[in-house]
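Heads up, the next two complexes both have subunit A, just with different partners, subunit B and then subunit C.
Presenting the complex of A and B:
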């Protein structure tokens, strides 16, 4: 294997791909990145067997070939290089790669590419084309509600449903729930499918989509394997594949409030600031912020026995019954941080029923929080 | 006006309430037996804790007397035999602490509406610090009146209220005009309020100290307040300075909120040992519901459930099971308690005592969206809690526990007691 390519492009691509490398790899070779030179491009691949990220970038190939190199030292080396042409040469007998860029030369010992696990080749099932920026936003707004607790694997995923040109993403950790809908510009006729994507994979995908979208990158497409075990997201130069989570997702539509005993409307940024300040005093396990409606305003308060307490008011329009409710401050802050509309609505049905938060003027997003039971 | 108070007044005085329920145990009985209202009534006599079993009246003493009974010279700690001699028409009911506790919880829930700073002194007495509540609820006296009204209206009980700036003053004030008393001691008038009162009125001055003070011709708190400190210390010892301060109306002791309890439990001993698995399971459910209700009332959640079994030979077993953090819903806790019961109980072996408890208590319970598959369930539990608070634990049961209701002995106390009434003869029929 002998080739040359741009050091900067390689560093950027490697940075994205190595996010799939697990710091505690189950197989030593999974700490390595698979590098293949063929067909006028260098192909990079890293995987933890659940999540796989692929990238290819143009290169001048003098002699095709492949090798796996330790992700950590390779990334650190190329990230430190100035831009310029980087030349690769593999010594097959020692499985060592010589990397040259301007005045720098490094020799990195690798492992034979033949030892890298064979990943299943995705046999295309259905395919959906998505708007990358809209999908990145939808991902951001749902992933926030997913659980990181591996003890409840299903909750670490995002339910993704496609039906009638609408894509719905749902995430919950059992205490709060986010639902986001978006139109799908292009689906194969009659596509109707539903699967649970690990939130981790979507978060990585979101990272790739943001800068790409800014450059007016091509559309994103989502490809579901025929046997339903894997999904692949394709965007220019990159492929993110992940194993899907299996199980029956809880019936989420049942917990979205349909009635509104109290409807509160207020400025999103003000609400966020107030909640942030008050939450400084919510330090017990349940992180409780109490919300009380008063004519024309909300009172937010928090207290911790050894610390003290904190009360703040916030102008708000209140319709319906008086409200006193307590939420985990984290759940409230998480959603207020990612809403983009100027105003936000909080809909409640008493202090023990789920509360609904939605951006005013944007029906595509809903966020449900189960309250904390306290002596109000 | 007597001389100025000795202590330096804090820049902003506190607003405290002392609330004392009038003839509490007796009033609880009048409340559930309205036909007895206004008649001379005492609770007491029962020695054992086994419900439904009555000790001989001759041995018991009066635990609490209604005002009608007090008019006949009957008071607490009086032997029942003597009480019946003084008032032959006296109605004697057994002490039912479980019931009084329940009523008390309702009253304390009313206190907590205006302030979290509630210091319980007993089932029927508490200090409240409402300093910070005034902005929301009005002046301290107004809050006192609100609470007195709410207790009367919602619980059907009379209470006496003392309003003031220190615990000593409010406690004395509430006792001054019982029953249904209301005494406010405005800031700055504490010393003047206390001055004319007899020394015995000051909490902490018992009969012995009072006797010694009277020997020194100190009969009123005013005299005590102005007495030379040195001679007072000679007579009373090191505690003299504190007594004198309090007699001057100075008492900085804060209202102390008790910490989170470590555990809560409910247990019951059966009149006859119980070997029927069906009945025992229903009792596990009912006891759990009661424990879960108390947890919710305090806004607590538990990390473990315990089950206690005592067989007829007094072999006692306690088993524990961890529960995931979160909502202490009836059904979830009952499921865990029942599982413990099945693991512990030797099928068919008669049980003398059964108890259900919770441990590892935490202050707030994050409710789950999908708990028991029904987000409306916490609201259902709350509604059941309200009904039970209002009408007692037997008022409403989840389907499976109805059979257990036959074991509810509170309801028919009176009927059972009637024929057992000893020969006073003067007892008119109801």
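Presenting the complex of A and C:
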């Protein structure tokens, strides 16, 4: 294998791909990145067997070939290089790659590419084209409600449904639920599908989408290909594949409140700041912040025996009955941090019924938050 | 440990009314009983130094010599007749006993089953006198050489009662029991120098410095003495003093828990349980606290005349005594030093490798600042604790608040910088202990049927959870329902094999609910017969174990900071509810030593 390519492009691609490398890989070779030079491009692949990220970038190929190299040292080396042309040459007998860029030369010992696990080749199923920025936002707003606890695997996933040109993403950990809808500009006629994507894979995808969109390179198309057990997201040289979670997602539609005994409207940033300050005193496991409606304002409070207590108010418009309710501060902060509208609405039906948080002027997002029962 | 000045009346035969008031009973069961009686006599005689020798498991020879007041020649023979004593006169005296002995039975009983020689020389008298007793026949007194004080030698114990000998254990075990009895006496009276020789070898020497810690060092070793914390508490007229060992110096048997009531060694199950209760959640199964405690109260509040060997006493209010001991121990032990990680010292012989860490169980007691010697002996009752006691530390890990987290290792351990080194925390164990206290409180409130006071915070679930369980656990649910509600569960029966759950203890990850409910019901079934506090402990431990972050969970920097702060606020935070350490300290000094820096 002999080739040359842009050090800067390679570093960027490698940075994205290595997000799939597990810091504690079960197989030693999974700490490596598979690098293949063929067909006028260098192909990078990293996987932890659940999540796989592929990337290809243009290169001048003098002699095709492949090798796997340790992700960590390779990333550190190329990230430190100034931009310029980088030349690769593999010594097949020692499985060592010579990397040259300007005055720098490195020899990195690798493992034979033949030892890298064979990954299933995905056959294209239905495809949906999405706006990457909107999808990144939708991902961020739903992933936050997913569980990180493997005890109930379905809750670590995000239900993704496509029907009638609308994509719906849903996540819950049993205590809160996030629902986000977005239009699908291009779908094959009559596409109607539903699958559960691991939240972690979506979070990695979201990180990949953000800088891409920020490049000003124009809208990027994102495609979903599905074969039943896996899904692949494709965009400009990248492919993110993940195993899907199997099972029947709980029927979430019933828990979204449809009535509104109390509707509170307030400034999102102020609400976030107030909740953050008050939550400093919500220190025990329950992490409870109490919310009480007063005429024209909200009172937030928290107390912990060992620490003390903390009360704050913020102006709010209150409609309906007076409200006293308590939430896990974490659940409240999680949603307030990711809302982009200036104002937010909190809809409640008493202190023990589900609360609903939604951005004012944006009907595409709803966040249901279950109260904590305490002495109010 | 006698408060009264060692003065002595004339030995005389007790009137029958007194004799009858004293329940009859066998005093001498085994060689250790002889040692106990003779040592008590020596202490009652005001000895400053007592020497005990044991040979042939005590069957061949037991010799106890003291430098006490001595017995006048003309009283020496009378001392061997039953109910002959100098310690009490009237029945009324029984209610005011301040000496260890009083029944007037010991010497007579020993004389009945062994050959006894007593040599005594009262202070200020020029010569000693000797009597010998064999088969209850007293010979003497006659003149004999002897130092001031009394020396009693017992030979051929149970020689005439082979049936009794048949019940004894191996000589080695009997000798060990003799040493133990002497050691307990030494612990009870740190102001008396006690020397024990068993089979010709010296097995114990206490300095008689008056410092309990010195006696503990002699009996249990230097590490134990260092790991002990002073106990001092008054509770409803009872005063509990002594030393109690931190969890790091706990023992594999209950023998290291020496309990005294007004200076008298007692084997009181209730008080023993009180000490162990204070250590609940601090010791792993099979480990028992090390403690030397004296409970002082007005003699009228305790009846010592319950048992011929005075092994048990009876308090007028047992609960007060129990509470006093439990609180006193807890107050002392909650300030225990965390465990230190023991580093093997120095470099390996090859000089290439660093000394490896000690074995996994290498928890060492923390070095405690030792008190300055020479404190003036106080006159108050109970143990006089050393002048400069270690600085009071209200909570074991309060300083964790000031520790600087360095990060998480292997998603299992937290590594932090302390003021004087490095600490490694087991994240699961630490979090478990933090949660344990919250749950324990919830259970207590639920049991006391005052849930309105402060219900445990309860997270309402988005969707009801159906929990499938074995039928016997579902059947047990109604009896456990209030307890489960007390910690924050909303559960109701749903068919024969499941429960419907609509709310869970706040802070509990949703994914673990089913496993936890099952574990709680199983534990509740298993612990139904236990005392309420023990049951609460077990249930809270189960809850905490399920709710805590797991060994292997990644924690955020804020999460780590918070865990440290919470641990600082947690009483007894140095161990998990099962008694394993949460924190291992590695001091700068130990590290320097291990790295070969001077």
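Everything that follows uses one rule, which is that the second predicted complex is superposed on the first by the 364 of 376 C-alpha atoms of A that agree within 3 Å, B and C clash if a C-alpha of one lies under 4 Å from a C-alpha of the other, contacts with A are read in each partner's own complex, and residues count from 1 in each chain.
Basically, a residue touches a chain if its C-beta (ideal position, glycine included) is under 8 Å from a C-beta of that chain, and two chains touch if they have at least 3 such contacts.
Just so it is clear, the structure is predicted and the values come from calculations on it, not from any experiment.
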item	value
Side-by-side fit of subunit B and subunit C on subunit A, or clash	clash
Subunit B versus subunit C as contact partner of A:230, first or second or both or neither	neither
Of subunit C and subunit B, partner touching more subunit A residues	C
Partner chain in contact with A:180 - subunit B first, subunit C second, else both or neither	neither
Touching partner for A:350 - first (subunit B), second (subunit C), both, neither	first
Which superposed partner A:152 touches (first subunit B, second subunit C, both, neither)	second
Clash with subunit C, by subunit B stretch, listed 56-64, 218-226 or 254-262	254-262
Subunit A residues contacted in one complex by subunit B, in the other by subunit C	172, 174-177, 250-251, 254-255, 284-286, 288, 326, 328, 352, 354, 368, 370-375
In the complex with subunit C, residue positions of subunit A that touch it	147, 149-152, 155, 172-177, 250-252, 254-255, 283-288, 306-307, 326, 328, 352, 354, 368, 370-375
Contacting residues of subunit B [partner subunit A, same complex]	112, 116, 296-299, 301, 325, 327, 362-370, 373, 375-376, 378-379, 382
Of all residues in subunit C, those that touch subunit A in their complex	434-435, 438, 454-455, 457-463, 465, 488, 503, 505-512, 515, 547, 562, 565-566, 569
Residues of subunit A that touch subunit B when the two form their complex	172, 174-177, 250-251, 254-255, 284-286, 288, 326, 328, 350, 352-354, 368, 370-375
